[in-house]
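Here chain A shows up in two complexes: once beside chain B, once beside chain C.
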Partner chain A sequence: MVKRFIEKCYLAMIFILLYAPIVTLIVLSFNRSKSRAKWGGFTFQWYVEMVKNEQIIRALSTTLLVAVVSAVVATLIGTAAAIGMNAMPKKKRTLMMAGTNIPMMNADIVTGISLMLLFIRLSDVVPFFRLGLATVIFAHITFNIPYVILSVLPKLKQTNRSMYEAALDLGATPLAAFFKVVLPDIMPGVVTGFLLAFTMSLDDFIITHFTKGAGVDTLSTKIYSEVRKGIKPEIYALSALMFTTVLLLLFLINKRGEEKKERRIPSAAALRVKRAVYAVGFLLLLLVIWIGYPGKDEEKQEQIVVYNWGEYMDPDVITQFEKETGIKVVYEEFETNEIMYPKVKSGAVAYDLVCPSDYMIQRMIGEDMLAKINFDNIPNYKNIGKSYIDGAKSFDPKNEYSVPYIWGTVGILYNKKMVKEPVDSWDILWDPKYKDQILMQDSVRDSFAVALKKLGYSLNSTDMDELEEAKNLLLRQKPNVQAYVIDQVRDKMIGNEAALGVIYSGEAIYVQKENPDIDYVVPKEGSNLWLDCWVIPKNCKNKEGAEKFLNFLCRPEIGVMNFDYITYSTPNEASRKLLPEEIQKNPIAFPGDDIISRCETFRYLGEEADAYYNKLWRSIKSK
Partner chain B sequence: MAKDKLIDLINISKKFDDQYVLDELNLYIRRNEFLTLLGPSGCGKTTTLRIIGGFETPDTGSVLFEGKDITSLPPYQRNLNTVFQKYALFTHMTIAENIAFGLKIKKKSQSYIQDKIKYALKLVNLDGYENRRADQLSGGQQQRIAIARAIVNEPKVLLLDEPLGALDLKLRQEMQYELMRLKEELGITFVYVTHDQEEALTMSDTIVVMNQGYIQQIGTPEDIYNEPENAFVADFIGDSNIIPSIMIEDRLVEILGARFPCVDVGFGQDNPVDVVIRPEDIELVDPEDGIIQGIVTSVIFKGVHYEMDVMANGFEWLVHSTNMVPVGTRVGIRVIPFNIQIMNKPESEDEEAVVPDE
Partner chain C sequence: MNKKWLSYPYGLWMAAFIILPLLMIVYYGFTTKDGSFTFSNLTQIAYPDHLKALGLSLLLAVVSTVICLVLSYPLAMILNKKSMNQASFIVLIFILPMWMNFLLRTLAWQNLLENNGVINGVLSFFHLPQIHIINTPAAIVLGMIYNFLPFMVLPIYNSLIKIDPEIIHAAYDLGATPVIAFFRIILPLSMPGVVSGITMVFVPAMTTFVISDLLGGSKVLLIGNVIEQEFKQGYNWHVGSGMSLVLMAFILISMAFTVKYDDTEGTGLW
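After this line comes the complex of A and B, so read on.
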């Protein structure tokens, strides 16, 4: 009896572990509040918004298109390959098996990078291989083939070879024998292979990331690009839908297996119904793909390729620009500077506009990757505040390469109910009162910036002694730190889960909207002022178009649209004047000059210093 | 005689991985005969059948069918059908669909096909099984369906590759009679492959004994059993005593130092030969009446007869008899001259006696 009970408990535990995350996701997809820390009531709002969100639907249709095409092609090639391999002598077959298995065992990142390099090389000769949708499909076919072979080959081995010979013997040509006898026999393996390939393709992020061109996004790359600003509830809704679909598919497949076991030959009527169901399903799939691809004659149109942070531009801005100028904007998103850098550097895609941060711009200028901007084409540049243009000099000394886009500070977010004393200094993060109450950024430079500033040093310090001191300071802080996190600071603070957190100013505005007990301060010792600017890479294809878009972005009313959407501070003075009074005066969105003058921007410190920072950071985190 | 030849294999050789499976094989098959290729595994019998069926191409030599060269004709263009060892029924089809397979490919009319299915199922005693699936049938039933599927195409020759190999003894014997009956009713040629000598002796008109890619002997079951041409055949077909001896002169042979009268002539004088004596041909008599004397060393009851070992003149004689002689009894051995079969010493390895593998 007790044993039974323990067994059941164990089983229950496993199921809870397996399904708790998914249940959470599904519940959150019905949460009216945008924050995952707060239950704002039940709603279908996110499902409606998901369907209305053109980007998501487009990504969904791309994902399905890639999955269907690559799975079909891989199934054809893989099945043919399996048949060939099955006919080989054993030694040769084992060798071939090992050969085809390697792409599957290989780390995705290796497959992804090597495919990208191959495509870049090939595209010099055959323009067809320029990174885009086709290359993604090619890459998916490549990694899907082994899965098909792996599921078809065992089925072939089971097949009685004399069945094929019997068909020949009865007068069937080899081709007819294959289609009438061999194929029906291995069909379960072929279907399994197809489903496996389909799922693998849906799942893939890494290989897609490296082989996709500008403007091509599957769901996984789309979701990942939103990491910086936090994943939107629409994505929860979509994920919940996808999970349900997979569940339904699994259920159908299992049901099919049961029918087989009963060893009944299905009646003709049942077969017809089954076929109709499959056909309707397939048509639905095609419909989704079709809806996602409205424009078919985009090829000859003038276009610019824009590479920006995830959720860093109002989609309406793009639509309006396209309508006004007839220039098509191919828009792609990245999640960190470090992910953006190699893609631009490799030259795989010719981007016309990129939006890196301060220190990264310095590095790109240093490596001669950027083109000088012709400011005659950007009369609206005059709207950018002088102080920001001066600030940009720290990484672009002559203001030749960059146009400031978004900026902000790093400061302390605190819960007024939990922190009764006034907050104005980094010192509070070391106060033993707040043991296990503080959230720090999980990023080397951000964490060191806090310690270095508290010590009164520059946050670009490369002095070993100063860094050693900062390291010890951070080590001492560890008992106070609840966690080193990235975008969870926001949700945890909204949910009253921590008293203090280090965060970007833009996020602070959003948090305050959700939880009025929260306040934000830039400590008096000074902090990081960061600036994301538009730059034009040297290998761009349409510099004039890029400059047209830059000029458009610098328009006052466009700046306002973006501010409303992103909630991060704008360097555009003309835009700021159009904002409501209370926002103009909001010290979080627009801190006074006294605060800005205490702040510093990050600079690229060189590879050696970077490595040293990382070494110290590891030693902190490992203790 | 030549007109009677349906299939003619001329100088057929076939190598797998540099090893000869068939070496310069010559064989013809007559119209309407039941011919069995008999031999241990690896003797080349299945390869011979597959060459006839078109599933293998010989390296050299040619295959004639009714006088026409069909050596390079693919299986689906040959007017013969095969029944495979593992039945090879199409598992995703019903029994009726299996039987109709060949006819549908030949674009026969629906009513013709239906008639044929009925007829074939009746012939193999499985009427009413049309809508079953292959894996719902027993091994014996599956084999009958395989036969039905082959014969509806009205082939001139039916090739059978160890079709009863997977069945149990009782079913095997039943199916043997079934096959003989079918052969009678259809009036076509059967080429049958087996390693079971009893099966071969029961059903065949002609037996071809093969070993290591060579034909050892061709003959009627009686010829093969009673007058094996070499030690291999003697040993492979039934039990036998094979004793090295010396041919003294015509009609007299010296076996283990004792002289036995026999009926064979033409083996020279004082010439070493092998003698074959079937165990049931040995008479155990009182010691003084025998040509040589020995002691019974073991007795096993086999149902129809007793199997006894008799040690005499340094050789262990195998004896089958319905009369039991207790172990330890001194006995005399006698063989009537007609039952002593003289053979030349083997000239090559493949003619030597082997333990047949079952």
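After this line comes the complex of A and C, so read on.
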């Protein structure tokens, strides 16, 4: 008795471990607040908005499409391979088995990277292999086949060869004998293999991450790009819905299973239920895929590929542009300049419009990666304030390559309830009082800028001694740092998880709206003044379309739409005039000259200095 | 009849998408940007920062594999005692979480573990001491155990159900105590399942970069993170490939001892 009780407790404990996060996610899907860290009341709102959110539906149908196609193809190839291997002499079979085990044994990261390298090389010869949806499907088939083989092979071992031979003796053709005798025997293995492949494909992130192209997103990659800036609640709603659907189907099938046990022979009714459940599941799947892919014609439509910072444009702006011009916008997001750069440089995807920061633009101009913009196509350029255009000269001396989009400062966000003293200096980030209470930026230049400025140096320093000093300072700070994050500073500050955080000015306004205890300051030692601009890469496919979109973005009312959505400062003077008075005067959104005069803009420091920065940064991170 | 030809399509596929890509990595790993031959990409692993990341990855992977094993074995034994139907349902319960996206599941642990998170909320309600493990290696280990536990339970369970109960009865009849029967009969017979479970947990735990990112607050650098950054941020594919080769060799060596139990017929996952 006691033993059974202990066993029950043990099972219960494991299930709590397995399902605690899932319950959490389901609860979050009913959370009115957009922030993961705060409970804002109960709502069904996200379920409604999920259905309307085209990007999410699209990601869902891509995920299912990839999973279905890769699982079906893998099941066909894998089952055939298993049958063939079963007929092979032992030595050859062992060899095949070794090959099959490679993707199982290999790290996902290696499999993903090796396939990416292959596809990029192949695409020079066969354009079909340009990173995109097809490459993801090929990669998924590759890692799915072993699962099928490993499920089918054991079943083949159990089949009785004499049965097959008996069928042949009785006059069946080999084909008929296979379908009537062998296949029914191994069917359970084939089905398990298929389901396994489907599940693995559904849940894969790493391999997709490396083999996907622009504009192709599965749920996994979509979620990963949103992790940094906070997951959209619609995703929770969608996951909760998917989960309950599967749970329901499983219960139905399982109920049928119990019935079967009682009668031993499945009744016709039970079979019907089983078939109905499968059919409903399959139809649901096809329906979702069909909704996400309205038709092939769309592919031929004129399009531009835009690569922007995460959460850096109101989605309605894109919809309106598409409606007005009929040009489709393929929109992709990045988290840091350093992540954006290799993607554009490698040319694996041809972007038409990219939005890097100051120093990165300087680098890209220097490496001859950018095309000159034809400003005749952008009459609305006149709305951009003169001071910003002059400011852009520091990295684009003749203003030929860039159109300013968003600007701001870097400063300290702090919680007035947790920090009682006045905050006006970077020094506070080294105060041992705030051990484990500080959020730093997970980006080389931004973190070094803080340390260099505190030391009174330029944030563009390349002096080895100064950098060494900055590195030691950052190392000394590490016990105070709770985490190195990018846009997660936002959620964590709202949830009172940390007392202080280094952040871009634009996030401060959003955080203040959600949590009024938070304030923002640009420290007196000075900080970074940054300017993100639109540029057009040389290998773009649709320059005119890109310029049309740029002109559209420079419209005053579009600038206002974007400001309302992302709360970052706009260099568009005409837009600024349309904003409410108190925002025009808000020192966070539009800091005065006293603040700007003590700030400095990043410059590109050259490959060697860059590598040196990276090396120092890694030694800080790995400490 | 000869059915060998049925496996030829797969043979082709394997050559194109498994073997060829590996050769690409080897090529990149042994060359520099201008195409000349070098060992320097491989020897970079000896940098103190990289060695440290490798060592930490190894430590965390071993710890989480051991904990997974210790948790899974009794669980698989309990499942084995259940009737077939009940057990298969419980097995499904293990697979089911995989239908909720892996990243979301891991992210949810942030909510649970954070200093003002759900678990601490519950603890403070009962006036118990708080836990502070978010952004530490402990949180990463927890994340690994959570994500990879099913990959340990299922192979062990599969090898346990294959054991003929008559053999165990025979052991008892011959006077074995339950402890002896376990160590002399059950454990050795379930070894193939244990080994494939260890592989299926150790390899992803050793190479992950996502779990350390999400639960380690980017303060903990694992070898997977180093490689990912070389490819996605540092833009040095040659160094990244070199590191991947080292990692691959490392895993092969770590797994070498399992060859003894490697039954090519596959006591796979399910």
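In the analysis below, the second predicted complex is superposed on the first by the 510 of 623 C-alpha atoms of A that agree within 3 Å, B and C clash if a C-alpha of one lies under 4 Å from a C-alpha of the other, contacts with A are read in each partner's own complex, and residues count from 1 in each chain.
Everything below uses one rule, namely that a contact is a pair of C-beta atoms (placed from the backbone, for glycine too) under 8 Å apart; a residue touches a chain by one contact, two chains touch by 3 or more.
Source: prediction; values computed, not measured.
Using the contact criterion defined above for the overlaid structures, shared-chain residue A:Ala176 touches chain B, although it does not reach chain C. Within the superposed three-chain model, A:Asp185 lies in touch with chain B and out of touch with chain C [touch as defined at top]. Of the two partner chains, neither chain B nor chain C is touched by A:Asn539. Put chain B and chain C next to each other and count what each touches on chain A; the higher total goes to C.
In the superposed model, A:Arg36 makes contact with chain C only, not with chain B. Once the two complexes are laid over each other on the shared chain, residue contacts for A:Met96 go to chain C alone; chain B is not touched.
Note: residues 168, 174 of chain A belong to the chain B contact set and to the chain C contact set alike, using the contact criterion stated above.
Of all residues in chain C, only 1-11, 13-14, 17-22, 24-25, 28, 48-49, 52-53, 71, 74-75, 78, 85, 88-90, 92-112, 114-116, 118, 132, 135, 146, 149, 199, 203-204, 206-207, 209-210, 214, 217-219, 221, 224, 226-228, 231-235, 237, 240-241, 244, 247-248, 251-252, 255, 264-266, 268-270 touch chain A in the complex they form.
Per the touch definition, chain B reaches chain A in the complex via residues 53-55, 74-76, 81-82, 84-86, 88-92, 94, 101-102, 105-106, 131, 133, 135-136, 146, 149-150, 153. Of all the residues in chain A, the ones that touch chain B in their complex are 160, 162-163, 165-174, 176-177, 180-181, 184-185, 187, 263, 265. Interface residues of chain A facing chain C in the complex, by the touch rule stated above, are 7, 10-11, 14-15, 17-22, 24-25, 28, 36-37, 77-78, 80-88, 93-94, 96-97, 99-100, 102-111, 113-115, 117-118, 121, 138-139, 141-142, 145, 147, 149-151, 153-154, 157, 168, 174, 192, 196, 199, 202-203, 205-206, 210, 219-220, 223-224, 227, 231, 235-236, 239, 242-243, 246-247, 250, 254, 257-258, 261, 336, 338-339, 341-342, 345-346, 436, 442, 478, 481-485, 495-497, 614, 618-619, 621-622.
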